[in-house]
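Chain IDs A, B, C and D follow the sequence of writing; residue 1 opens each chain.
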Amino acid sequence: MNWLDDERRNKLPERAAWRFKLHEVIFEADTPLGKAFDVLLILSILASVVAVMLDSIYTVQVHHGTLLYGIEWFFTLLFSLEYLLRLVCVGRPFKYATSFFGIVDLLAIIPTYLSLFLAGSQYLLVIRILRILRIFRILKLATYLGEARLLMQAMRASGRKIVVFLYTVLTLVVIFGSLMYVIEGPEHGFNSIPHSIYWAIVTLTTVGYGDISPQTPVGQAMASVVMIFGYAIIAVPTGIVTVEMSHAFKRKVSTQSCPECAAEGHDVDATHCKFCGGRL
Amino acid sequence: MNWLDDERRNKLPERAAWRFKLHEVIFEADTPLGKAFDVLLILSILASVVAVMLDSIYTVQVHHGTLLYGIEWFFTLLFSLEYLLRLVCVGRPFKYATSFFGIVDLLAIIPTYLSLFLAGSQYLLVIRILRILRIFRILKLATYLGEARLLMQAMRASGRKIVVFLYTVLTLVVIFGSLMYVIEGPEHGFNSIPHSIYWAIVTLTTVGYGDISPQTPVGQAMASVVMIFGYAIIAVPTGIVTVEMSHAFKRKVSTQSCPECAAEGHDVDATHCKFCGGRL
Amino acid sequence: MNWLDDERRNKLPERAAWRFKLHEVIFEADTPLGKAFDVLLILSILASVVAVMLDSIYTVQVHHGTLLYGIEWFFTLLFSLEYLLRLVCVGRPFKYATSFFGIVDLLAIIPTYLSLFLAGSQYLLVIRILRILRIFRILKLATYLGEARLLMQAMRASGRKIVVFLYTVLTLVVIFGSLMYVIEGPEHGFNSIPHSIYWAIVTLTTVGYGDISPQTPVGQAMASVVMIFGYAIIAVPTGIVTVEMSHAFKRKVSTQSCPECAAEGHDVDATHCKFCGGRL
Amino acid sequence: MNWLDDERRNKLPERAAWRFKLHEVIFEADTPLGKAFDVLLILSILASVVAVMLDSIYTVQVHHGTLLYGIEWFFTLLFSLEYLLRLVCVGRPFKYATSFFGIVDLLAIIPTYLSLFLAGSQYLLVIRILRILRIFRILKLATYLGEARLLMQAMRASGRKIVVFLYTVLTLVVIFGSLMYVIEGPEHGFNSIPHSIYWAIVTLTTVGYGDISPQTPVGQAMASVVMIFGYAIIAVPTGIVTVEMSHAFKRKVSTQSCPECAAEGHDVDATHCKFCGGRL
């Protein structure tokens, strides 16, 4: 989540007054104008995402297709202008363009231009939803960012164990899928090994669409094994993440001891000792 | 769960004798009469909920429709009378009317009256099931309330992390849904982006109805990614809640609030407020 | 799991020699004859369960129906004889008859006799599978019983919290089910409120058969809420059980301190101090 | 995971120079030639697995069947040669042949020869995917092996508890399945008790294909019980594994064995064997 700080670090003193002013409006959320800009931006993003979604509904497109087409281009041009202004007013344009938000901002306008050549690509505009992440900054949801950082930290700590787990799952799925292809065969819907692997994933993850399901007794016995496996090994990632979270959250207990009575174990938000009332 | 105490706090000394007596019968469960009233009330609630459910079954309605209609109105009038009596005998009627139980009590009678104008709304009477929560008070299940409070506390402590998690899930679902709409398209049942998002939710939560399922190899590969994702990230809320519960059960945070600064959330072994240092 | 000890406590000294001998063979697994009896018993149980299962398969029943019917009566008479012998040789017949195993032993023979009057009840003979629990005693799987006791203990400790959780789930399911009945109605398969509650359970538990699934956009939005709910609140029982297990398992660390160096934290199976090598 | 070290222990000094050189190329990944060999091997494995998968797709087989048949035999002969070379250059051929990798290497070539007599068995060649495990050695992913060892250790510690859990699940599934067979019967798709047990597994593990689903109200009520059961008891393996992982990660049990009594499982901070008191 450190890309949120990236933008902040971009503001450098050696810039023209108007660029500095523009930067404050576009990148900051501390001034009234800056906040108004951010609120307007998020409303525009939401409106444009809703427009893209509506456009994909057949009956809506038939009746309001031209209107939605206009809205799409309006927002795309607006966001293109905003992107250019961001590039102009920021201290290091290249750094912004290669940052998380810079890439998302660009991806949020490309599909419309692309749709001139490649029909259907305009629906990828929903990537704009990622721009909503800015909402955390506007609403001063710093604590939420803190929580997100904690979660991220736990995820990263579990990273290598999760890779080992995923590798095991993938190997299992390939072997189970192939066995089922041999057992059931194309006449029962298991058309090919990749298709059977797809079935194995659907079953192991306990999703169970039912578009393909074993018909023979042997196949059903095999499927039962896969299901009980999938039911039991969900415990593995859960255990990994729980333990790592427990570590990540634990560090939040203050190590400060009371200067008066030397008691320990205070919460990080405590300002007074909970045993003697002395100032920490 | 503090709405259960709300009612208790409503009894004030400055009331007429009959109102006081009525209050004791209706709101308290300590006297034999009060307990009898509560038991009767809960039986009435259960009977009325069963009647509403039976009324919704076609064959039952055809044969016993008039009877069930009569029962429905009987219970509605009974509960309306009870609601009025509660308003009359309680010390602060407005406080009761806006409390959790006050709102539920009102919602439990409105749908019948509404059904005179709006057919079908009478089925919303099942909201009466929430009134059964009173059962915890009658049966003196104070320990169960304690457990519920612990669970609630753990939930509230995980609140912000769960919001971050839900936001992530919703973003994923919008992006995956849109991608599947582009990949599979209306000819394979993915009619629109909102419909595809619905599919993505069905898949990510591992429900897997099978009413819509990917047909193309690329779509199935994409779906596999969504499934493994959904299978793995269930670990996140589980981890959050487990860790918070572990804290909540271990610390058993005191319900005492500071008499000086009214702050809450002190440890049970605390003798001074951790925010202002005042004696607890 | 204390019913396993119950049987042992039944042997009393004041019994005839042949009854004592019989008791030793039937109830104990320490002598060669006692062990042989138990192994034979378990093989008989497995054979009879397999026979009941085979009997339920149409093609098998058509060809081998009479044979399976004979086998069923053979095992039933055998188990009846065994039940009578157990009653005869045990010290306190009434205590055995009302113990866990006594009831299971009786239930394991009743369905055959019942099937003379009530067709189909013979399939309930699979209850015999519970008799297999005796296998733990034969194989001297005391450690497995210890593990089972630990799990049981964690379950019982979580009992009250699980009740609160189940009550919440049932209330949610009734309300969500009724709402869906009003939203979707019988024309989309939601025939009645009980049927809709069944759908809500299928969805909330992420099973998702797909025999009933929402058709209208509002219904699908509602279903999405139920799914995300079900996906998230699975964390609650998991958290409860994990925390209670963590407590139940923790008590296994020895509280003994080294008599030589006073170090603590030894495993329960340790016989020497891990720091100084002194005898514990 | 100690089979990875097995290979290393195979290299003994008393071997001819060319055998020693060959061993270094085939079994080691430290020299440039050895690394090149391993990378080539893994690419060959991947290519052959992809070929097997493609061969199972009908349209591909029709058009490129002969080519894929050729590729399959090419890789099989290549891997057969590699297997023979491994046997030749290794210090103790028998030990390698019976090690984990030795068996996998053999299984990875047998199905092709088998397919000459038994059509369809060539699809079992996907077992070759297990050979990819060697990738961990090439990429020097020692830390990943460490993580895998930790996970394994947690799994083994939970072993007995998981067995008790699985036994409970299987008993439940047999009893629930038989009850559903009696309640629903063959006219609603529950053809036999084994088939109903399959349904019970599909439901309890929350997979829910929907190929068989209860039709009668009683059956649906019963199914609801199974579902809520399955939803709740997933907490048990999760709890077990989480607690064991928490222990495994915390203690980081030493791999050192006692030089006097050869006992294992000592804590990392232990200086003396906890069983005989000998110095570690």
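Heads up, the rule we're going with is that a residue touches a chain if its C-beta (ideal position, glycine included) is under 8 Å from a C-beta of that chain, and two chains touch if they have at least 3 such contacts.
In this text, all values refer to a predicted model and were calculated from it rather than measured experimentally.
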item	value
Counterpart interface for B-C, drawn from B-D, A-C or A-B and sharing over half of its contact pairs	A-B
Proportion of interface numbers common to subunit A and subunit D (over half same, under half different)	different
Comparison of C-D and A-C (more C-beta pairs in contact)	C-D
Subunit C and subunit D: spacing of chain centres that average the CA atoms, whole Å	29
Subunit A and subunit D: spacing of chain centres that average the CA atoms, whole Å	32
CA centroid of subunit A to CA centroid of subunit C, Å	42
Touching two or more other chains - residue numbers and ranges from subunit B	165, 194, 206-210, 230, 234, 238, 240, 242, 246
Subunit C residues within the subunit D interface of the complex	49, 52-53, 56-58, 120-121, 123-124, 126-127, 129-130, 132, 143-144, 147-148, 150-151, 154-155, 162, 165-166, 169, 194-195, 198, 201-202, 204-211, 230, 234, 237-238, 240-242, 244-246, 249, 266-267, 269-279
Complex interface listing, subunit D residues touching subunit C	160-161, 163-165, 171, 174-175, 178-179, 181-182, 185-186, 191-194, 203, 206-210, 213, 217, 220-221, 223-224, 227-228, 230-232, 234-236, 238-240, 242-243, 246-247, 266-267, 269-279
Residues on subunit A engaged by subunit C in the complex (per definition of touch)	206-210, 238, 242
